[in-house]
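So that we are looking at the same thing, I have put the structure below in structure tokens.
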């Protein structure tokens, strides 16, 4: 049985530390899967492995029938996987629109020579890049911010901007790393509705988050990581009632959520 | 001269000049550790040290020991002025701005030196006579012994300073984590000024002890600076023990290269070594393998 | 982009008028050097200001270009134009070979790697006497001949150089406004996010490095055919630092800044110096003043000053 996205016994060692251990995981087209776990459980490392930032020590990653293990990040992006970052990595020297236009890089082709010479082909492509980027900005509701430096936007809008940028690359699989962390209630709702819009387009989403309500509400299935290993997997109901999870993690998490600012 | 004597001669020449590279590298590390800045004007401290000593001793007739101390004082003053007037006033400068400032100051110091002392190579009498000592068939200049002695003293002093004095420990703390050090009550700005002062002093000493052998002129700074930097990289930047060993290694390799292969290309040796280290093991021989 | 075009036309007009107003060939030759330095500065601005990669070996590529042209034309009788093309190819290749390991480094380490390389090149130019003529260098480099006109006067070379500079300027302005330019600015900030967004970071860094080295090489060849005599001292770390100073003084993230910087750092020393070697101290003073008072460079300083007028042109 082959899934749209699949990891097979994925493992990552850093010197003496095992960040991710023997992680096998699948996702089908159009699903939203949540990944939860205490801090340091290996969630972000998992994302780094998928997006190609780290090569895995062992194990394989398959996407749309291809073995993408060990490919470089830019190749993985062109194959249709994109992501956002836990700490929002916008390009602070570019405007909001330009940030999203960078997202179109993998869907455009003019190189140094064509761009420098300003050939009509390149100019037309540039127009299309701008158009598509504006579309994504509009989707997340930021079209009036397009000329502002991305980094000058309020934090909630920065997260939306990063999302628009990732969407501009026309991903079939989207990795969201704590997309609502640091957002207030209104901002979270706004982002949640955007995520639903994305799901309606048939894009598969993997979501790392700490806010339990959000995760339980939006995800089809959830996996729980602890110390780099998968300790539980199932529907939100199953996870909430899984005694191992409740004991080892959710109890801690509810405390943490209460303290984490909203 | 038989082969052993020849090789020993090259070895002696090597550790002579290598000691200077070592001192320059130590000076670099001092400032780098406190500020993350690579001081492109480090070589100029060496040059000015030599020049000032020449003026004080040969022009003004001040006795050598006194001139030595005065020169250290003057060049330290230059280092402090440098830090106070150009580095300190900046509010949140970027790393590249700081590096560029050191580059600009190096131009300035070089230009001023040319203005004051002209373009000629200036000599300095050796500290204790010119008559070479014959050791194992090789002619060893007494000045070389001064240089070796000086580097031993320097290493000893720095070890003592960083391990046992309060200021030294404060400086180490600043190097490891500036914010934490500041929270602990260490005046980070003072530490930075102090690192420049010490760096300048070490540079001055290097300049004074090498001038009797190699003479000094206004544009000698970059040569010492760049090779000293190669030593700092080879030893692992920020690692002073490594810097000393690396400086000596580079000096020796250079000397053997000049003696056995070709003297014109000898300068390239230091740079080739540096490139190899950077490409293969940027943390230096004694540093970490991977570097940010 | 429209505003750049206006500025280009204005600048071109100024360039055309200049030699009619100031006919002294010495001043015209100074502007030839400004043009040559502009090519060097533009390449470094692209590499440093946009892609964020420090290089201290621009003078080395300048030297490789000059010497390749010089050697091929004087010792092997190669047609000067072919020689320029060969020089560009040669320099570009060397820069890629250097760039592949070097551009894996960041910050200080990259700076020192390029510096080390630059010094090695300088030493080779000085020591390989059979080919390069050693410390005395090469003489008798032939003039360029374009469509029957021999470029042997200051005025002719002046127009020739500035046509090239403006051409390169148009190319680079197009480039930085395009997806490539955005990609470079992105990888300048965070390589990780840039790569995840589909930008082939290593490849782009190397290409940019190669492009800047090619511009330096071109500048070198054009320099050689202008002054007809070259020697190794011009191609040292000190000159690389001067080019860096030009970029910073003008404004690191502005292509117009590179021309302005080249202008200031070439003309001011010419104007102020009493003795030939005061250049160094003048460079230092200018660079230091800019860094301390107008750290973003003259272009931005001027923008602040003439905010109203410049809004028309929207200098990048």
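Here the chain labels run A, B and C in written order, and each chain numbers its own residues starting at 1.
What we mean here is this: a residue touches a chain if its C-beta (ideal position, glycine included) is under 8 Å from a C-beta of that chain, and two chains touch if they have at least 3 such contacts.
Since we're looking at a predicted model, the values are computed, not measured.
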Core chain by centroid distance, with centroids computed from Cα atoms only: C
Far-end chain from subunit A, centres as C-alpha averages: B
Subunit A-subunit C separation of Cα centroids, rounded to whole Å: 41
For subunit B paired with subunit C, centre-to-centre distance based on mean C-alpha positions, whole Å: 32
Distance between the centres, which are taken as Cα means, of subunit B and subunit A, whole angstrom: 50
For subunit C, residues contacting two or more additional chains: none
Subunit C-touching residues of subunit A, taken from the complex the two chains share: 51-53, 72-74, 76-78, 82-83, 85, 89-94, 98, 101-108, 110-112, 115-118, 122, 125-126, 129, 165-166, 169
Interfacial residue positions of subunit B with respect to subunit C in the complex: 38, 40, 86, 89-90, 93, 95-97, 99-101, 103-112, 114-115, 119, 222, 226, 229-230, 233, 237, 262, 264-265, 267-268, 271-272, 274-275, 278-279, 282, 291-292
Residues of subunit C that touch subunit A when the two form their complex: 170-172, 174-175, 178-183, 185-186, 188-190, 192-201, 207, 211, 253
In the complex, subunit C residues that touch subunit B: 54, 101-102, 105-109, 111-113, 115-117, 119-120, 123-124, 126-127, 237-238, 241, 244-245, 248, 277-278, 280-285, 287-288, 291-292, 295
